[in-house]
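Across the two complexes that follow, chain A remains constant while its partner is chain B and subsequently chain C.
Let's look at the complex of A and B:
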């Protein structure tokens, strides 16, 4: 506490921090970036290990052998799906009943706020079919879920068929201590959402669904299966869930352990693992994998059916079969065995998965970076904002601090009125509220007056409001608060810096990737901004939240090795925005409201400083 | 001054009315930062229903808005009275040349003091903490109103009303007991009775005030007994406050410790934790015996930090006094740090709560870390104001520019 009470040492410290403020900030920024990039370097990461005792040492022998039968079932399912022109509910119910499950259906309907052009749906009506295998050995208070989406077209038939084959096999085993729910959901995430809300008696998104007739115990873990071909070359594990939430790392460890045991090629973010970490290519590969994870996590959407389970404290992951042109193929029996092994290990759990990490990044499946290692990268960026704020604070109180703290002759210059600072803050936030509310509510009007579809109307309104916000503040500034003073913008900048620091800090705690990406783009310009410099205006626009999204789209496409041209990128950008708004309306993703209601207004406050007069 | 005050009241009531009618009200009333088991409105309603009184006498949100208004008004009038008092004293001191010559700039001018009462009312009414507390219908607003009325009566010099209100506040939550000392000091000062243990006039007045206080406390407790027909309420209210059986997380320091420790140390630890509230009364009373109103502020702050079930409503009450000490601003040392800490903590409370309870990815340690930081910020704030107050007094008597014996400039250090 000496630092807080000894005036001389305090003075020395603040003096040092204000004198060397800019160099310290630059060093911090570079150190933050370097630290982050260093996370992908193998010697700095930890090897994954199974923390959960119940899953670690127990022996499991996989005996599933009806892979061939599953493939013929897939053909049958495909035929019925074609005949029904959607989900063959009756056939599925019969198929599950004949395998000895308790079968129930749930119908649901949902009207989207505006048509989803990616998936071509607007009024969604569907049915979930699920069968419960009651546990013979325990009081049925806990359950596991295996789910396979029933997708339109040719996809995912094998997943549903394998699910049925597994159900048949599991039915004959006696060791189950948890109920196992086999769920086939229609309309991917919407169906999952309806089922989960029905299961937990909640309704947070305004979905209409019929109540569930049969329930099992509290769900401990869930696996989602996506499989579209008879043989696969590798299995991809998808972890990123809603709002960047991740399942417990032990689930990934479990998957990796079984892939190793059964000799299945496994990938994460579609990237195989390499062993040459000491070469440049090896490092780049790991860095790319990690960057992909960061981008996927940052966008806050659920990247598979598992993502919605996480909200209910259920550890879940998606396993996706990939068939590329490699020679090495894996058949359905092996995938069945892999799932059998994973479910059996999960069946051994005595309590929910909680031993291992919840906050991590994966540069490869066998290496992870925990929160303690990646948080400093963000901390180094965030501390810049605080340092600048301190610097401004000292400058604002400069006359008072010139003499020994507090003792001074100089009359304190009259501080700027609250109104000068409050006006831009309020206006920025009102613009943010408009950006949040208007696009969806004004779509009908926009469609009437302009020759665009509803989806385009929503996206273009959002972009229009966003751009209009740039013009707004420096027109209203003069009108409302008269002449701005030198003190005025400094106080506004101080407020905005602290606001941004708190905002980014909170974001990074919930979704590290989003917080970090925003910090990388927003921190340098917000820390250095001063009024009336045209260059800053250009940089400011180029580093605004919307451009950040655009860059992320291009980087993402580059990383998944599907580079796009500028016009394609622009189209993708538009669809990303519409998807973001839809994700918020359908599943309660928080990225869109965060950007519209907080980040964008905060950015506008800095924009306001630029045109201070 | 009436016009801005009315405007302020209207704005404050509008904000509350809008929030009451929005969907946020339910969300806010479930936040652990805002309501504690002692002041949750749900429990009041439940209690009244159990008493078989039918519908509660003051159901609905109007009651809570009115209590907030009363608190603000009482604070407004008290600070106005206090300022007049301060100014009068300053004039006498100047006339009798008690102040050092070079500290003219430390003196307070009527111009800067004019808006302080309004600012105090504004700090109370527009403080997000108060608004949250009011919208959650926490009875904390009622406690605050009674304490504010007590301060008002004390400053107006009515010993009887002050004693009765203090008894009421004590009856509600025990801790305001420590406000007895500053109130007594204030009355003694007002009646020009020196604090001298050998003087009979000192003892006479102390006993008189204590009698009023204890008498009304006995009457109120007796009334509760007759209303309920048993003494059960004593252990279930005061025992509940002292032994902290409800470990729902809140912004205080108790819940985590009491959840973690072994059961057989419970008595020891509750003594150690509870003594904090009462412990500082005596040294502070000795140090600040000339400044009872500042002592009241210190005591309210200490109560809100160390009480067993604190909520943000308690914090709001002492924060309302901050404008009254705006002349200490130049001597504050850590105000930047403190405001950053309090701001960040207020934002982090709901975030970490979400991570712990809903996402399941963080745990109670995260939340408690923020609680600790929040309380650290509060303690630093109070300590800073205490130091600044003492330092200003020191400068007033010894001059603003202190020299060491060898002629170099000296600085004051609090050790």
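Let's look at the complex of A and C:
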């Protein structure tokens, strides 16, 4: 601080920063990107390790052996499911009761704000069935949850059957210290949401549900199981939850440890691990895995039933069986043993999982990047905004420099009215509010006047409002008296830069991936923008939040090795928007409001600068 | 030497008996009740009762001769002027919905409540010492009972013995929901029995089997009672109870068969020679014709307990012909009878700032409403918002007719909330209150702070309408399990229901990173605060730039020469 209180040295420092501003910014941007890409390089990452003592040293022996029985049970379940035309509630209740569990049901209903075309549902009614295995001599204070979604069609029968087989086996063991809840939920995430809200007696999404009759204290951890075939080739671990929340890294470590022990192939993001990190292919593979995680985390939706548990401070992960017709096969008994081992170790926990990291990226299951390593990549991008802001501040504060031309108009324009800045800010935000509110509320009117379905109406309204926002600057200028001044846009840009820096900083703290992706696209154009250059306008549009989503769709499809054509990509883009709005309404995902209410208005402020004169 | 000492002992005892011809009469009874539960589990309840016609609290008379009554407890009673003492250690939670009512209920963990004699001046001091002494006697962590978890309930815990004291200043109640009960607590408990675990029913108490069960609870109740029906003089009663529920599902491979050997891995060989009565009761109320008890017994008994008339096969161990082994016990399941009164509790909400405690009380009586007393003792670090207290039954506001609330003092005493609520027939009553989680000082966290903090069970006490007439007359030959709580009227019986304890997470700092925390704090203080303070307090003034070194040297030389200085 001595540096800043000494006027001479302060002058020297700011002089240096303003003189070298552009080169420094370019270097920072490149360094940020390189740093981020370097995170996937194996020598730069750490090997995962079990931090929790209670799970590390205590070895358990897996004895589950009724995998075959589980498969025949799956057939029985399938038959009953067909007969009931949905979830066979009565059969499940009887099956759980006969296995010695305390069984309860919960019915729920939810009217979606508009029809979900991906899953073809609008009015959702369903029933959750759950059985509680009471641990002997435990006072009902702690519980673990194993859940299997009862999906329509042929999928997930094996998961439900394995759940029942595990329940039967677990019931005869004496070592349980925590109650175990076996939950079969209908309508995947909506069912889970209803159950969790019922269990915690909250209502955050306007769900209607019947109150739960049986509880088992505070839930310590949850596992979600998805299996659709009798034999699987690999198990995939899904961690990304609502709003980019991740479970404690120890849960991933636990899964990996048991896969190693039982010799099961395990993947993350559907990608197997490779050992050739020193080759280009090896690095690309790791980078792809990490990029997939970043994209999934950034979109803020729950990628499995586990994702909704995280809000309630319950560490949860989904285990998904994949049958990719490789030679390597794993039978149901082994999967049962894997789950048995994991649940037993979780049962041994004295405290909640808290020892390991909550903020991490995984380039592979055995390697991780902690928050301390990935944050500098974002920091390097964010500092550009601050540097540009400093530059502008110095220019605004030193009229002498501006008056180099010799004309003495120094004093008058240096104080642009508050109104000059405030008007675009307010109008941009009002557009954001319109973008947030109107699509869902105007759907009826849109359906009346145009030949589109409700879903299309919502998405197209959103896009229309988004595009209409681009026309605003001209109107804004008309509202203001007189021409915009040089000082005016600089003040506006300074405000917008600081606003964007704060926004991105906060976003990155909560959901690094989202913050980073937005920073990569928004920072270069916002940092360099000046009024009235046609080229800027094109680049500005191409790097706007909506186009960022479009690029993410294409990159994601490319990474999961299912590339799409432009028209398919466009359709996917539309469905991503409708899913985003639905996720917000159904589960409280915050990405849509964040983009509509903050990021888009902020971007509009920069758009205003472009049309300043 | 050995002979000499035993001779000495003989002389001493005969001598003392000769001196006090009216020696205090004492008596010991033991009893085991086995009841197959609707869920298929087996409930075994031991009761041992020692009666002694003496008075520990009489002025000027020191009781020093003990026969059946354990001396360690007797001395404690007289030293601390205890009028009534109830202590229970429980591992597990009694599942009222599956198992019905227990004979003597107890909350998970340890529970201790004591009525002191009204001559005691320093009740808190006595209480503190008493808990420490009991902690030693029972090998338990009762010394963790202090003022922060002790309450004085005004209505829920009335004395069960003689006397009608109502001044709750002499009552102390505390629970330790986290207390873990194991063999180390069982051994001292068994030593209090006159026969120890050498003979009588206590032979069955092999800890390996007792702790291989779904529920385990052991308790000691001491109280003064009437000697006879006229109540002319006082006797002290010590009841030791032990309740176990065995899970046949886990151990029996699905068969509903049991035998004493299978449950306890011991058999009974003889009654305790010191016992005046020693009996085993087997509840055969449900479908008696489907039972096959071996050996069969001609004795049948009936008892009205907890509002239900039940039939028992009675085995009298003091008769020689009884000995054999009970085995091969087949039984069909019957539709579960819902218990008339039932309560449960949970924490609602998410996040680490606020929460809501929900207590749900069920009245399953088809047409009778009855009042219940709800007692809640919540630690100070959950700061209750008492203005948010709501009581609703059948979605309507149900105003409690009596509320006793004592707010907590941080680090000194817990919240105490007692309410008298009328439960409408066949209804569910929900009591909710919001709370805020306090941020503790860093030394106040337990060694495993991320496990959470316990809130003890809330207690629901009620006089529940009985389906059959209760017996109000007091007789000596009643079975022990039906005579614990005195019955005052025919039409109802007393029930106490404990809810589950709660495990609540408080905002917890990351203790594994003290180094980081210290570094960060120091940096913030040094860089942030220090420099801002510096900037704010420093006075700025324009400083003349000092002349360069060459000029200063030149001036020095000029000054020496006396020439005008350079500027």
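Everything below uses one rule, namely that the second predicted complex is superposed on the first by the 596 of 613 C-alpha atoms of A that agree within 3 Å, B and C clash if a C-alpha of one lies under 4 Å from a C-alpha of the other, contacts with A are read in each partner's own complex, and residues count from 1 in each chain.
Here is the rule we use: a contact is a pair of C-beta atoms (placed from the backbone, for glycine too) under 8 Å apart; a residue touches a chain by one contact, two chains touch by 3 or more.
Because the structure is a prediction, the values reported are computed rather than measured.
By the touch criterion defined above, A:509 reaches chain B but does not reach chain C. In the superposed model, A:358 lies in contact with chain B only, and not with chain C. Contact with chain B, but none with chain C, is seen for A:390 once the two complexes are overlaid on the shared chain. After overlaying the two complexes on the shared chain, residue contacts for A:200 are found with chain C alone; chain B is out of touch.
In the superposed model, A:10 makes contact with chain B only, not with chain C.
Touch criterion not met for A:125: it reaches neither chain B nor chain C.
Of the two partner chains placed by the overlay, only chain B lies in contact with A:245; chain C stays clear of it. Of the two partner chains, both chain B and chain C are touched by A:311. Residues 4-5, 311, 313, 354 of chain A touch chain B in one complex and chain C in the other. Residues 4-8, 10, 245-246, 310-311, 313, 354, 358-359, 386, 389-390, 393, 400, 404-409, 412, 498, 501-503, 505-506, 509-510 of chain A touch chain B in their complex. Of all residues in chain A, only 1, 4-5, 100, 102, 134, 136-142, 171-174, 200-202, 215, 217-218, 311-313, 350-352, 354-355 touch chain C in the complex they form. Within the complex formed with chain A, the chain C residues making contact are 91-93, 95, 97-98, 108-109, 177, 211-216, 247, 249-250, 344, 346-352, 356, 358, 448-452, 454, 500-505, 508, 510, 512, 527, 530-532, 534-535, 538, 540. Interface residues of chain B facing chain A in the complex, by the touch rule stated above, are 105, 330-331, 333-334, 336-337, 340, 343-344, 347-348, 351-352, 354-355, 358-362, 380, 391, 395, 400-401, 409, 411-415.
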